[in-house]
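Per-chain residue numbering starts at 1, and chain names A, B, C, D, E and F are given in the order in which the chains are listed.
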Amino acid sequence: MRPSGRSPQQLRTVRLTRQFTRHAEGSVLVEMGDTKVICTASVEESVPPFLKGKGEGWVTAEYGMLPRSTNSRMKREAASGKQSGRTQEIQRLIGRSLRAVVDLKALGERQITIDCDVIQADGGTRCASITGAFVALQDAINGLLASGKLASNPIRAQVAAVSVGVFQGQPVLDLDYLEDSDCDTDMNVVMTSQGGFVELQGTAEGAPFSRSEMNSLIELAEAGITELMAAQKAALAQ
Amino acid sequence: MRPSGRSPQQLRTVRLTRQFTRHAEGSVLVEMGDTKVICTASVEESVPPFLKGKGEGWVTAEYGMLPRSTNSRMKREAASGKQSGRTQEIQRLIGRSLRAVVDLKALGERQITIDCDVIQADGGTRCASITGAFVALQDAINGLLASGKLASNPIRAQVAAVSVGVFQGQPVLDLDYLEDSDCDTDMNVVMTSQGGFVELQGTAEGAPFSRSEMNSLIELAEAGITELMAAQKAALAQ
Amino acid sequence: MRPSGRSPQQLRTVRLTRQFTRHAEGSVLVEMGDTKVICTASVEESVPPFLKGKGEGWVTAEYGMLPRSTNSRMKREAASGKQSGRTQEIQRLIGRSLRAVVDLKALGERQITIDCDVIQADGGTRCASITGAFVALQDAINGLLASGKLASNPIRAQVAAVSVGVFQGQPVLDLDYLEDSDCDTDMNVVMTSQGGFVELQGTAEGAPFSRSEMNSLIELAEAGITELMAAQKAALAQ
Amino acid sequence: MRPSGRSPQQLRTVRLTRQFTRHAEGSVLVEMGDTKVICTASVEESVPPFLKGKGEGWVTAEYGMLPRSTNSRMKREAASGKQSGRTQEIQRLIGRSLRAVVDLKALGERQITIDCDVIQADGGTRCASITGAFVALQDAINGLLASGKLASNPIRAQVAAVSVGVFQGQPVLDLDYLEDSDCDTDMNVVMTSQGGFVELQGTAEGAPFSRSEMNSLIELAEAGITELMAAQKAALAQ
Amino acid sequence: MRPSGRSPQQLRTVRLTRQFTRHAEGSVLVEMGDTKVICTASVEESVPPFLKGKGEGWVTAEYGMLPRSTNSRMKREAASGKQSGRTQEIQRLIGRSLRAVVDLKALGERQITIDCDVIQADGGTRCASITGAFVALQDAINGLLASGKLASNPIRAQVAAVSVGVFQGQPVLDLDYLEDSDCDTDMNVVMTSQGGFVELQGTAEGAPFSRSEMNSLIELAEAGITELMAAQKAALAQ
Amino acid sequence: MRPSGRSPQQLRTVRLTRQFTRHAEGSVLVEMGDTKVICTASVEESVPPFLKGKGEGWVTAEYGMLPRSTNSRMKREAASGKQSGRTQEIQRLIGRSLRAVVDLKALGERQITIDCDVIQADGGTRCASITGAFVALQDAINGLLASGKLASNPIRAQVAAVSVGVFQGQPVLDLDYLEDSDCDTDMNVVMTSQGGFVELQGTAEGAPFSRSEMNSLIELAEAGITELMAAQKAALAQ
């Protein structure tokens, strides 16, 4: 039995609120149950030095957690003077996931920075960030298309992510914090709407996992991501 | 005429939403018009080294802005590896303002940390932070009283803050961003519900200000803070 | 009774020694009683990036304390790897105060950096820094005028600063360390020779302060600053 | 055809040289073709603060590259003042992989730190590090057993790692640098000698990868890891 | 001919002003011509962690330059966030030189920190620092003896330092900035009043130096240090 | 008697292995007994900002120790976020020593960076680094000559270094760790093949050293460096 009473293949309630804040070119509050992340997309008409003059754009991401988004207060990374290894790992993952569905040549020499800031954490913040970030990115791209700065859409597919894991011997979809801190295996799966994988990160917290467990987990993830993509589509259609 | 159409002595719409997030002992979303700040209060049953064994508590504050809370994206302080001078100035101000109304001996050997994180900025974020932080602090103290960890309330008075300034020759209350970036004088006023000042910070951005301008500004501030304290009271009564 | 035996409206002995060190374009030792600060002005024929090509100059300040300028040794900020919030707050204040009396357009595309280094501290170091920095700035400007690099004086007025406070229930002028560490209210006042305020920073360390206390403090400050400006004039006339 | 002329399921030549340096409790040079990493295991009779008094040990890892281990010189991380996101990601991966096969309770209150320093890089440095680190760890544990500090072996299984990827449409084992920088999918697989997975990290650099590609990659990895474990055993038997 | 008109074996005018500032246990302004350094000695009744409980004391030094002590303004190390290699090299040298004449066991479990802050630089700041630091250290020790905290003097000998160099083919004593920036060889010599060397650091800036040049330089240094020690004695006798 | 059984004037076994790693323009493993340092030379076709457009080149050095190159594990400098004073002192020394034998004008506008990384330490790592670095530098220069990028050799002489010290009252050559940690005087001597000194750094760890001890030490060093230069020549001739 899952602590939340959900069935093994059940996502938490997903909410994607567009235009959550006012200034960014894209701004989305993504909620997966009690996990809440503000994702903003900021367009800048220049690229990082390593891309100057190559006729290509860039999409990158930064990630942070408010100090009291968690059960006990974490140190503020700005105060301690550096981002943790975990933070860097997550923002690199978000950036790669988004770039996997963008034609950077078609984006032109501009950069879109996605900021994912967790205001309330209940497990799965990196996956929620990717799912929400895609919608913010699409909103920013839509703005560029509407203003004529882009002639055609550089986004090739949707991208979304979900965690899966083996909790008390049972493969389950979309781990919340209680499950995440007590599971044997934890896997983050990032897929595109064309059906392939762009990132797969599985970690055995306790016992190693077998091929057959992995297969079950991936099937759960595929089903979950299909639902998430429907939610993205619905939000973007409003 | 003010850009917002407000009269000189008119506050923006104030909203104080308690229990905005789930984990903190106090959690308040404060909105002053389009300025939105999440204020959380975290209770820790220990004090910083300089207070160890003195039988006193401590109240401190940290402040941050989401990178895209502003019109153009700011660098993330955690990524650049340090907090700006402005950030440090503001969090020191918030901490002093709150300590001015708390009996630290009565608080006992525990620390309450207030995190003020701006999710949308339209001027006046430091004053909004103080006004919201007080409510979060009161909620955290109420929890300590309810659980019996505190026998009596260490809070001696309410504290709230507002900015005033000389905009196009006219003293006005509660500057928004458009006014703030184009005013001659900008003053932040922090008062308690007992009527005295705890902080007063006036800066002439353009022409120096006179004694009589200062007097007008302070009168505007006193009236504004009275309204803000009513809003705090109403929120805490819910 | 004040610990120093001074009357409430009495400044400490002010000394402004020009050409205190040899290399800087302006170099002043300012002494307010036992508080001693070396203020140097350094002219650089370029401006920070945000002003490049705008035909304007910049005046900025940095502040530091020798580790044993104080009663017990402080950590060297260069060794601990960062400037404290207090240091940053003070150097921002000094910079704003000086810019308030300089026509940055008339200064041309050059930067003047004022370094204020406290070699002995007895309260009021930030105010002494401003008062001394103005003289160093004027000396540097005089050098630019003498060499023909500037055709006309970009300085519009004198600027000076003093602290005032409520010590044992009595408003007093120019707090020394003993008073500063035991006063109810501490206010730093920065004024120009044209009579207006450019900065006003009041903090209630103990009980909040009232309108009438504030008025008394400001009157003390106005009188003290008039004396300081006479001392600046006398020093510059030598 | 692979640039090196290897068949798709062929590892590079593996060499594990024990006692490579003199001071460490375990010291192994691991070579996978032209990739060379020094792995040392250092035993310390204390644990990090979060484990004090819990009767458990800890195994952790640090990773670095000599500035000219690569084709063009990289900045020295000690000089630039921080470890890159990539470095932190890798050392976290190595640490988790090793902890997966150690009974931390049985290790007792001591810490073993594995340092993996790349002296020559040709792709696959993180996987080589894990494979070599296991041997260094075993040597350090053997020393503790021999000296009587440990009564029984806390290592539950061998752990080793290999990369696999889709290069020019073909799943291949153990990518070298030329393949790694030009492949569609890159997957790092960490397994134990008991047959399960402890880490699986797949990234689509170009086109997303399908379930069937993933299956092929995992089969290649399983076969490669079997060979690597034989090499570990042979090295430890000498 | 030397730029200053001095003879090759002539020191600059030496001045040692004790009690230069008020708070430190020892405070000396040392002047070697236009080079001016404030040396303070601070006594702390505890030792660094590596000496805890060993019944020994410690003497250490820190060094800094005011940003405009030099001809063109240097960056403030506190602002750039780290001490340069040169600064660290110098403060390590000062510390070692002082420890060479102190019986650390006889000092007891306390630390004396010497701060050497250059307020005006004209070459030879590290040597002037050592010469002045010794006097500050002696003053601090005298205070400990006078107060009965020390029963006997832990200082075994005087220590002083001077630079020598080959300027335009001629060995000269006590290089000033003009000589220092244009000499072939630069050597810093630290000696005790018992006649031996504690530090010798020679660098060929241009052509390598020969044994016979070295011998001439060392003879100049010995004579110069004898004069410096007389100056130290005279200062301490006042 | 020396712990190693060597005679006072006996070097440890010297080994210089060229082409130790594959990527660098020069790559040498230098071994002085159990001290082992990898020295690589990296050529970059640009110069640091302070030399831009001056038609001159630059030679610089960086130094590091693997965390477990030493008897007990040292903190990784990349992890602690800064290089120690000792590291900076050593890399500055290596850089100066190499520049002493290079005609920087003849090198043209390019930079050669020497990385010296200690993989096993047994005393004398800075001297071994200089001796090995010279060979790596020569290899890099030979590559530039062979490819026609340089028309003539900018290297004017060989450079090598050795430590000498007074161990148990006896001047000895080439201190190992046991001697180094228990000697009265430690001196590092850097000489060129033309017979002069480029660096001389002597420190009295215990009793000060006399002129006659210094003379003995320097004679030992001269003889040792002659042997080291023969070893460099032999290595370069292979």
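The criterion applied here is as follows: a residue touches a chain if its C-beta (ideal position, glycine included) is under 8 Å from a C-beta of that chain, and two chains touch if they have at least 3 such contacts.
Computed from a predicted model, the values in this text were never measured in an experiment.
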| item | value |
| --- | --- |
| Lowest number of touching-chain links that must be crossed from chain C to chain E | 1 |
| Other chains in touch with both chain B and chain C | none |
| Given chain A and chain D, the chains that contact each of them | none |
| Distance-maximising chain from chain D - centres being C-alpha averages | C |
| Approximate Å spacing (C-alpha centroids) for the pair chain A, chain F | 50 |
| Distance from the mean Cα position of chain D to that of chain C, given in whole angstrom | 59 |
| For chain E, residues contacting two or more additional chains | 81-82 |
| Contact graph of the chains (line, ring, star, complete, other) | ring |
| Chain order, ring traversed from chain D with chain F following | D, F, E, C, B, A |
| Parts of chain D lying in touch with chain F, wherever the complex brings them together | 21-24, 27, 34, 36, 38, 40, 42, 44, 62, 64, 66-71, 73, 76-79, 81-83, 87, 113, 115, 117, 119-121 |
| Residues of chain F defined as touching chain E within the complex | 82, 85-86, 88-89, 91-92, 96, 100, 187, 191-192, 194-204, 207-211, 214, 218 |
